[in-house]
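Worksheet: one structure, shown below.
Each chain gets a letter, A, B, C and D, in the order it is written, and its residues are counted from 1.
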Amino acid sequence: MTVSDVVELEGHIIDSGLMERAFTVVMDLGGEFDIEEFSVGTTKTAESYCRMRVIAEDEASLQPILHELHQSGATLASPTDATLEPAPADNVVPDGFYSTTNHPTDVRIDGEWVPVADIEMDCAVVVENGGPDEVTARTKVLNAIEAGDSVVTGDAGIRVRPPERPRDSSGPFGFMRGGVSAERPSRSLIRDIAEAIAETKAQGGRVLCVAGPAVIHAGGGPGLARLVREGYVDAVSAGNGFAVHDMERSMYGTSLGMDVETMEHPRKGHKHHIYTISEVIRAGGIEAAVEEGLVEEGVMYECVTNDRDFVLAGSIRDDGPLPDTITDAVEAQNAIRRQAHEADLVLMLSSLLHSVAVGNCLSSTTRTVCVDINPATVTQLLDRGSAQAVGMVTDVGTFVPMLAEELLE
Amino acid sequence: MTVSDVVELEGHIIDSGLMERAFTVVMDLGGEFDIEEFSVGTTKTAESYCRMRVIAEDEASLQPILHELHQSGATLASPTDATLEPAPADNVVPDGFYSTTNHPTDVRIDGEWVPVADIEMDCAVVVENGGPDEVTARTKVLNAIEAGDSVVTGDAGIRVRPPERPRDSSGPFGFMRGGVSAERPSRSLIRDIAEAIAETKAQGGRVLCVAGPAVIHAGGGPGLARLVREGYVDAVSAGNGFAVHDMERSMYGTSLGMDVETMEHPRKGHKHHIYTISEVIRAGGIEAAVEEGLVEEGVMYECVTNDRDFVLAGSIRDDGPLPDTITDAVEAQNAIRRQAHEADLVLMLSSLLHSVAVGNCLSSTTRTVCVDINPATVTQLLDRGSAQAVGMVTDVGTFVPMLAEELLE
Amino acid sequence: MTVSDVVELEGHIIDSGLMERAFTVVMDLGGEFDIEEFSVGTTKTAESYCRMRVIAEDEASLQPILHELHQSGATLASPTDATLEPAPADNVVPDGFYSTTNHPTDVRIDGEWVPVADIEMDCAVVVENGGPDEVTARTKVLNAIEAGDSVVTGDAGIRVRPPERPRDSSGPFGFMRGGVSAERPSRSLIRDIAEAIAETKAQGGRVLCVAGPAVIHAGGGPGLARLVREGYVDAVSAGNGFAVHDMERSMYGTSLGMDVETMEHPRKGHKHHIYTISEVIRAGGIEAAVEEGLVEEGVMYECVTNDRDFVLAGSIRDDGPLPDTITDAVEAQNAIRRQAHEADLVLMLSSLLHSVAVGNCLSSTTRTVCVDINPATVTQLLDRGSAQAVGMVTDVGTFVPMLAEELLE
Amino acid sequence: MTVSDVVELEGHIIDSGLMERAFTVVMDLGGEFDIEEFSVGTTKTAESYCRMRVIAEDEASLQPILHELHQSGATLASPTDATLEPAPADNVVPDGFYSTTNHPTDVRIDGEWVPVADIEMDCAVVVENGGPDEVTARTKVLNAIEAGDSVVTGDAGIRVRPPERPRDSSGPFGFMRGGVSAERPSRSLIRDIAEAIAETKAQGGRVLCVAGPAVIHAGGGPGLARLVREGYVDAVSAGNGFAVHDMERSMYGTSLGMDVETMEHPRKGHKHHIYTISEVIRAGGIEAAVEEGLVEEGVMYECVTNDRDFVLAGSIRDDGPLPDTITDAVEAQNAIRRQAHEADLVLMLSSLLHSVAVGNCLSSTTRTVCVDINPATVTQLLDRGSAQAVGMVTDVGTFVPMLAEELLE
């Protein structure tokens, strides 16, 4: 005796890799398939369609296959409404809760497909049903779940829509490409990234820059400050260290005590870091420090002066911290989440911790650029599965000035 | 016209590198020196002594030289009492505050040298003077400074005592050695590390293990759990992710959804991570989860069962987090600081973030072992300047089982 | 006006990624397609078939598309014989020569498909036509081309057969997977690799081990020697340095002067390396050195004693070199090429240079295991496109002993 | 009973680290010392002097200590002539041969100190004694030793002169510094490197550039070609791959088949690599290819046109190779050795293999600049112990254009 169920795939399912993935899932998980219908888009823009019966030895083997097919964009041939169960307590999900992918997703409520708002990975889906036309669904991370929330469970009534390969070239952005090649001409790639940023801005999009302290040490501060000032970067997501190094540079011309021009250590320099924090605390925060003239240039200065959004998320490595740094991790995540959801292109510069935190909150449809000297970092960040990502293994200290030149000169 | 001042160095100042460093400091910072007296320890155990006049063009050039010499262990020939100034506000240090090294340090108050308690790098020194025999000095990080605290300023009246090279071999531990060589026989080095741990325990010392989630993914969980159970590890410092992966392994046999034995992904597995957190929250925390039988083995289980100290510090990468995770960065640092100050040997396993946080709180006299697959991580951690550190670039998934075998079999 | 041509794809073309690749090629290169026929294998073992008309603006645009489709396994719907042209001179190929992939390949001569022997990447195909049933085709690297050789040009009459995804799980070996995950339990993966080696031997296959000097430094020498002795490794491909370190270990107990047990540097030790070479030269070579009792254990000793094939390829880094080291790069490549063609499973241990050299000569059907501490090295080696490859980022000094234990105990 | 001997150290022995090293050697190797005389240079330019009796339990313990002290620059208090023994056979050194460091060295023959020519590491010293004033000594690598050569054995009569720390700042060059910091402003460091090159040229010195193929892939070709043309680079040391990629770029505008401007793969592109070699072979070599107009720009073009010295050393990774590539490793080493001995500053760009080969032949007094994206490579190259070395972890594709701009604009 075997059991089976029927799923459908639709769209550019061959070149977007969905058919390959579907076949692989079934075989890897020990199932069989029977293609009941397959119509291939005979031209580049025509869509394909596949109806496939999936067969397994028993229900326990079939369910994981269906689940996995489902996460890859297949839908059950005869859709039913999503199953909802109340959260048993705050921060607790019901058994069998549906855990999201980072792809656009719909849930079926009362026969209607409702899009899930704020899609990001590994969340629960909470539905508010205020009657016809007033049904909403959105993601909630575990710590936002409240007792009684209507949480989607199982796979039924859920439709995942993985991004499809663009019909034309997508510039430097690879389609669902985890890998990264170091063997590209660096300047050409920087030019392409500049174009993507300019294009995003031209279309009214928002650019979020995630920046680590290495941007400042390596000498990328002035370039990034210019990009903030000229509006190519709309928001900055960073840590306490980044902001301190940036302001230390303005206040003392040093970064961690090293003169950023001469590279000499004006001994006593290592105190500058702590003293910068102390002085900004005394002033009452970054905005106050800018206003009282303590900080006269740099990324934070430009953020304050040009009213750009910034989030400084605290970590256990921090000195100080600054009054502006959000020390609670959950609160900081919420601020980062807002930035991520608003962004159309994210530029990740030499910051594994903050880039992962931002990346966790991104939909697969957000353009992502990762720049790091460490290829393992770039690979890890691209692996998150953005449909349009480009990774570059380079020196942020040469990348940022060159990018600024491409965009501003 | 030139200005000058006289400093003294004393002890095993040649082979511990202090004389070299002193000469270098003067030359690098553009000064001159005149050796007024130099007596070299003529035998291995005899100490040396040097009195050196340092000459510079003006006071502005002289002070940085003296400061740097001072940080390296030189003392002014004619010591005066330390200068104290009240902190102007909470979290604000007075101008010219003295910023600590990670070496044992004394401050001179009323003609007496008082040791600074809880020495760690980049802190202020706060003195409480309750009269003769009731003077204490201790480090305070910026966020612990309270308005009115008596803070040491300048370099006068401060004595730094960098560790001296041991008179005999220190086993695998290099003396003040930042570098790390990959070209050593791995098993021999693991054996030496096991001996250092056993020796520390035999002397009644305390071993702190800083562990990243890779310890669990790579299969090091059971070995580390045994070391905790058998008392070779007294305390664990980790993050939310480490604890979740460890308990997911006990609850589902998976880590991030991958079966840790068969390495197969039981699809649906990626939900295990979130569900583990949800269930532990439901139970009321890790201890409750162990007690109700939800978690039956692993590192956290052994910590709870054997009453080992653990700290879980939150970060912006966390899912959940667990109720036991300290989400506030300052509060988490304080917990980590306590662990670091209590430790005699710190074993850092595949966790850059947590290892840096712990390392920031360590005195240069605490033995440190860093293990990571990434040589840059090991180098960065050893650069902090422990007098007795050993770095090993290896796979934590093979290191932990081998270490456990050496210690337990 | 447009031009077009028709290609066919056949086999497990969906789940092996050929269809996805074909669609992508056409779109990336600016063409259009029209699917004239598509029959999908309705069950797991049934094959699929696709006939596709490819359309481009002109011949100059069409040819690259057809070429690329062809390299990916598509064949022209109406095959013709391959075009042959004589090589104009030694080491010179005719204009438009066909450059091989590493996939099994046939050429059509007199209406018959002839398999190309010794397939490897980036070679020319030379045909010897001695009349019916006496036609042979084989790869030749540039430096083997002789004036007058019949060299295949263009794409016509060539059939490339990329490996298909196995119908069942292939153990630790990923299908055409370039990436490598560090997040696997190390011991489980080592166990799987041991099983693959044992399986290869049980099937009468041949295991080639490519080993760098780090194997010896890290303490993997004894384990590898045992694998050679017990016949789990049939052949060794290494450099001069590997052999010298290995024999230095036997002659002096050191590797580059470091005692491999105690890790102490018996000063004078750095001379051991040169002196080892000098003594082996004096003896007349490795075999003679083993016979006269100069070398009494180790990998080279076991190779000589058990008559295992070894190749030592010279490089510009070498000291000496040993008399057994092939100093001419072309001659060394030929020796390596022979080893590669004979191997059924290749185990690459911590040697980028030699692993690339061996990898260049491998067909995509040879199983490959890459072990290195540097993830970039593993990625680079896996990128060569073996259909069955597994990469492991680990410490060769712990990997080799564990592998030997799995296989021998 | 103990045995002892007396050694002397002289010069800037404290700040150059020699005293520290001497004390450490004695203690690490289990000896004792008795300082018989110590006079410290009381001012910056005055030299110091130390006479030290070294005591050990027996001769077997004493000799390694003396040897090691000796390699570090100590001399026996009562020097004798060097001991000479004839080489027993070609490529064979006598027992106890003296193996060189990379520091300037003298040998004492007939009571006179004779400098050793062509100093490099791990060589034998061969003396030709043609009578008074006609005594010469020079290094010979093992494969250059001829039967009967007078080879220095033991440590007696040899004087090693490790470089001393410069009395003033040495710009970006660290003194005997193995480590490398990524936390420097990249542009400032590039500017400093440019100045060091310009200074070397202004002093009539010679700049050797060791370049890997990544220089071309990453887009550094045009910049390096300009530096060759304008005479900032006097000689190039590279491999077959570098030259092929460079000429492929000129002939087809591609590198390994990728268009270096647009980064698109003109499919068929992977054949360009082989075809480039084939065409250059047809022309008769690189010079001929330049002359017949086949190659019209690039690094090799500039080398030929401006008569710059280049060496292409073969390796087992090579395609082809080109007729200009020296395929024999020993012959190639000799050519590299000549380049290394002539160089005053060596710029190593993204080539581990060739940089190690060149580095092996360098005296510790040659300035060295290492640039690589992989910090482990930079560390490994700097560890060789140049007295004046600077390492930079950056992207060669941004480094070379910026360096060319600094020097040429």
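Just so we're on the same page, a residue touches a chain if its C-beta (ideal position, glycine included) is under 8 Å from a C-beta of that chain, and two chains touch if they have at least 3 such contacts.
By chain, with names taken from UniProt: A, B, C, D = Ornithine cyclodeaminase.
Quantities reported herein were computed from a predicted structural model and do not represent experimental measurements.
Trainee: Over half of the interface residue numbers used by both subunit C and subunit D, so same, or under half, so different?
Mentor: Subunit C and subunit D contact each other through largely matching residue numbers.
Trainee: Quick one: point me to the chain whose Cα centre is farthest from that of subunit B.
Mentor: C
Trainee: Weigh A-D against A-B on C-beta contact pairs and write down the one with more.
Mentor: Spelling it out, more C-beta pairs touch across A-B than across the other pair.
Trainee: Report, in whole Å, the distance between the mean C-alpha point of subunit A and the mean C-alpha point of subunit C.
Mentor: Result: the chain centres lie 37 Å from each other.
Trainee: Based only on mean CA positions, could you tell me how far subunit A sits from subunit B in angstrom?
Mentor: 33
Trainee: Any idea how many Å lie between the Cα centroids of subunit A and subunit D?
Mentor: 46
Trainee: Counting only residues that touch at least 2 other chains, which ones in subunit D make the list?
Mentor: Those would be 182, 376.
Trainee: What part of subunit A is in contact with subunit D in the complex they form?
Mentor: Answer in residue numbers: 172, 182-190, 192, 214, 217-219, 255-256, 258, 260-263, 373, 393-395, 397-399, 401-402.
Trainee: Help me check something: in the complex, which residues belonging to subunit A touch subunit C?
Mentor: Residues 14-17, 19-20, 23-24, 26-28, 32-36, 38, 40-44, 50, 165, 167-169, 178-179, 375-376, 379.
Trainee: Inside the complex, what are the residues of subunit C that reach subunit D?
Mentor: Residue positions touching the partner: 25, 29, 63-65, 67-68, 71, 88-89, 91-93, 97, 99, 122, 124, 141-143, 266-268, 270-271, 273-275, 277-279, 281-282, 313-321, 325, 327-330, 332-333, 336, 353-354, 356-357, 360, 374, 376.
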